[in-house]
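Below: a set of structures, written as structure tokens.
What follows is chain A paired twice: with chain B in the first complex and chain C in the second.
What follows is the complex of A and B.
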């Protein structure tokens, strides 16, 4: 077994680098087809995956647009204030608004208004920002930390693997939601960063397992054996041979995992344990609207639909990328 | 393949659309829903809807409230139902029911723990009270047969009912009441009630005669014997032996005995076959075999539990739930009650910036009560509050209603601006900096909506940074007890004698203030706002020196005016409450005091379950 600390044949470092690169490049040039452009990738997608991808793009652009409106343009972009009571007192005009609570769909309120007359469409768009950030940060955490740990232990094995994977197993064995609630309740102030951080930390074990499984397989591949044989340093093998080959799998896994994260964040919001009010999230919108579900189901339906479609889309796109990656692997 | 996927997608969208169409309702439907009330219960719903259409129902409602004379049934809110059940209906023995409560009664030690609506529902099945309010608000004996004061109201002599036994078989007599007193003094609530009622000693002066000795006069003392801390009768030996175990196995003289106590799941009480009580027709009470109380915190789930038959009755203190229950029509029986309980919140007046009256007044003027009530689902159900008494109460003061700071955005902003620009501002911030206020409420969707209305308007002033926080109810109450709060949503007052609320509510909040006020040792842990005004305190004490109603009302009015001036609290609206039941459950609103007079009904959704029966068949 080769470990990272084990003695290796001595080669000049510059030579090792060149040989290693040559081996990889050579193998890559035979196995990999020409890298597809985003347009070509989109064309490859089945219809349902295409629609899912479009939905995700809309959500991402919507969330960024909403954030820009608040952070840069001070509410001057054409999107209603998600926290303004449209029937409330307007300090600028000195008058009450004309909207009603739980108003139906109209030209001024595309998805109606909630129980305190706030524009539901604006709240959904602003809520998308929370889901987007939490999903992105947790994926980043998972890929960077979990991915590195998994790739490392899959390559070095030995005690390092035993210790790290035991810790991962312990964390995975604990009910995730309970652990999440415990962690979240520690923080008195729950802003977006804190929530993302907590969910991100809890995402690490799953990514570690996926990365380790891939790392184990890649460690036995010919180009890794060749690199090892010519005396490439273990660190170089890890960072130049293992991790780059684990990364595509992690990225496609991240999409599926993000779907789970969106649901988790929604659950926390529903329980009132996510970002603090009045920041809108899909979960707290559903929670607040459920009181009036007998009067108007739509205020529950719209955020639920946004959440469901986003999760469905992440799963569809993630699954498709995974399948696409698998085909490539088998072709290798 | 692509066609198949397209069809799948279309089918999915169709399912969503059909689901929405089937379950939802358009705008017209929803307004119909509002109109589908229990018709006979409230003749005023149309007014409420009209007001909502105009978008400024709060002001309208307030105007109506102002017009209402004290003690009259106010127009526009719920009707309080206390009426005699049809004597022709056969009273049926037997049957088991379950009751859904808004929270668990975490403890059943009357002398120690705060007893709110869920607690009272359970407690009055196990413990009898010494005194009870009748339909007219007068205090009559329950376990007491009579109570007589001396000339200056410093000594009260009570004669107890004979032939009463505790659930453990021991006799209830004057010595039992005397022995309860030392136990009561060991508990937070008991000690507080004793202090605020001026009670210093309880002595058995006969087998069934008890003498209460007060440090100073208290003309309203019987009122204190109608509430949990001093009024609920428990077996003192068992309580003293193991106070903690007593909570799980309470022993009283009530119509039911504890069978099972499983906190946060269910509390089961079963018939006390040797109960002393009868109804006015001489029928032995209680009628039911057992009652299971289940905490169901979510308002929607609780109502659904009733509609699905999971429970037989539910209580609620939320206007939105009353609105939804009304829409169920004849599927349930609805007992509504508009009492003097008023929602809102208190400012912790000991912490900056809320220690400054300009800030409190400013925030009160930025409290858009009409919109808050709308968010609470209370439009057409209750009025904006202005004091601790609803317009239905004989204690209601039009002068206080007029003096209470009404919604005035510019006026409120000007007051806050004055504070913000004051170089000597109490929060130590630089001139021009916004003030910071933490606004906290339990995480109930209804309360959350109301809180966000308040937050929205306070924030719109551009002078306040509002942090919204939510904690579970126990934590929320604990924060107020420990003074770890700022702007804290709360529910005030009840239909008892005002002295119950005012004596403890406005006594010095800590020893330092008590000493400064010249009343060392008189400290109240339930002065939630920590607001102490010497004139208000003096008035509250003076109000229990006389039994002259007009004189007492004038004193409470004076306190109300001082509150309007210093604004230690803010109000949303008066709390309408309800108990909704399966139509087969009868007799709930027609319980009687032992004299045969009707009882006070169901204030605060507190049910009296001994005269309740399940209809035959």
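What follows is the complex of A and C.
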């Protein structure tokens, strides 16, 4: 008989369990914390997580490179212009050149070209910039505002907690994408700033919940009681004991939440309701290329791969950080 | 027991109140003159403008407007679109069955796939079967449903030519034709849900399998199959129910994209159409309806949970 009765305890890693209440005690407590350097952390990772981390780093560098190319170097870095029609289309005469609109993989177009002969590789890494910004801004909103609110109400409790948590509950009572669509529809101009702002604000409640759960657990720990007993002011307990201990969990939650945000932005773009053309995003590339799947599936495949691999990697790395945090905690 | 139910219903009312308030204030958030925005692409006449102004009651205070809007909504009157002239509640009524069918099919498929995968993972924990199924679940979780859907279309409509990918047929106009059109969108919706459910079933089963009563059942010499189905799956079904409730919101969000992709005349596609026309009243109506359904379903799940599991009733 194999499984039954011999199963090992395991940290539940389903989506619900992801809202982890694990407390990482070595970050801010009195015992001199021994911080692992990024290189040590990387060495600890299992192979798949390592690959995921490398992919994420590549995406971030690609996105920044593409942005620099346009914003600083004025297109002089070695990268195709994502909006250039490479088939020799002459806008003045309306005549097409000799090139095929949809090209396969070649030396000059690494991932081929799309239906109007724009370089797919360049469009993908320009699209990465949109995903990167939206994910980063929503994580920043979540960690700074949501993290602070959650840590605060988990510590002070009382009426503040009731008020803030009921607001959080109401926002989370909406199906996320539907609320987002309703909000986005209010704005006539949808640029990267507006989209990031709306998604960022909507990210706050989930972070608040996670931060509150952690803050509740930490507020009951010995070092907080001790700090209180020696007369530390509530403010410095919040900022020096609670928040530093909530932060590590929030950061690993931010990874998983970013995976969700990347999908949400992709969905919005796919529906044509995110950052507007001609700016390429993974979602709008997929949406444009799907009209030509009878001719060429690869133009759907490349942006789909970029999107899915990024989501997969964020999930892998985020899950790993969460597990690592909870294992450390149980070892105490 | 009665107190628990009463308390839950009170909370439901409070949440619904807040949700409707938030959706209503959406119109007030609109930049510029609301009349301009609401009329947007409609054929504007001074009479129509006047009608919008009096319908909205912009001269009255905000709370009073909210009160009368809520009163009308409760009687099933969500106003009518100034652009198409259609009654919003009628539009919702026409479109709900389509979305409900998709959501229902997706949930059934997701559960049917998730339970065996979850059980396998828990039973063979750490073995290759677990590794393979966990990896597959991770992948299913990471591919957004619209991508799955496009590749389904490519395989089953373009390459094989087995399934049509548009021209929705209602079940009343031919059950088989309807099924042929619903199966791809429903499966695309189901895969993500399946991944979430099976992770839960696996984690839950692993915990249950360590309980003393499972040990006792083994000591009695009951077969693995019997223990898994009778002793272990039953408690897991409760948490499965909860997560179906929680994920229902994500599922509704998913139907918006999938319905748009397959041009299925459900609520989601209706919402997208309304957004592209900036038909504010329709957007508002669908949002409030969907949010209400979601909140009510979660309350029902919560209540069922209390009824089924006596341990929760006491605490």
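As a working rule, the second predicted complex is superposed on the first by the 287 of 332 C-alpha atoms of A that agree within 3 Å, B and C clash if a C-alpha of one lies under 4 Å from a C-alpha of the other, contacts with A are read in each partner's own complex, and residues count from 1 in each chain.
Everything that follows uses one rule, which is that a residue touches a chain if its C-beta (ideal position, glycine included) is under 8 Å from a C-beta of that chain, and two chains touch if they have at least 3 such contacts.
The model shown is predicted, which means the values in this text are computed figures rather than measured ones.
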Partner chain in contact with A:277 - chain B first, chain C second, else both or neither: first
First (chain B), second (chain C), both or neither touched by A:197: neither
Partner chain(s) touched by A:294 [first = chain B, second = chain C, both, neither]: both
Partner chain(s) touched by A:247 [first = chain B, second = chain C, both, neither]: neither
First, second, both or neither for A:185, with chain B first and chain C second: second
First, second, both or neither for A:311, with chain B first and chain C second: second
Chain A residues touched by each partner, larger count belonging to chain B or chain C: C
Residues on chain A lying within both footprints (that of chain B and that of chain C): 188, 271-272, 290, 293-294, 297
Chain A partner contacts - residues on chain B that touch it in the complex: 1-2, 5-6, 8-9, 16, 20, 23-27, 30, 33-34, 52, 55-56, 299-300, 320, 324, 327, 368, 371, 374-375, 377, 407, 409-410, 413, 443, 445-446, 448-449, 451-453, 455-457, 459-462, 467-470
Interfacial residue positions of chain C with respect to chain A in the complex: 14-15, 18-19, 22-23, 26, 29-31, 122-127, 138-139, 141-144, 146-147, 150-151, 153-154, 158, 196, 199-200, 202-204, 206-207, 209-210, 214-215, 218, 224, 227-228, 243, 246, 248-250, 252-254, 256-257, 260-261, 271-272, 274-276, 278, 280, 283-284, 286-287, 290-291, 294-295
Complex interface listing, chain A residues touching chain C: 1-5, 7-10, 12-17, 166, 169-171, 173-179, 181-188, 259, 263, 266-267, 270-273, 286, 290, 293-294, 297, 300, 304, 307-309, 311-312, 315-316
Parts of chain A lying in touch with chain B, wherever the complex brings them together: 46-48, 51, 83-85, 87-91, 94, 96, 98, 100-104, 115-117, 188-189, 271-272, 276-278, 287-298, 301, 305
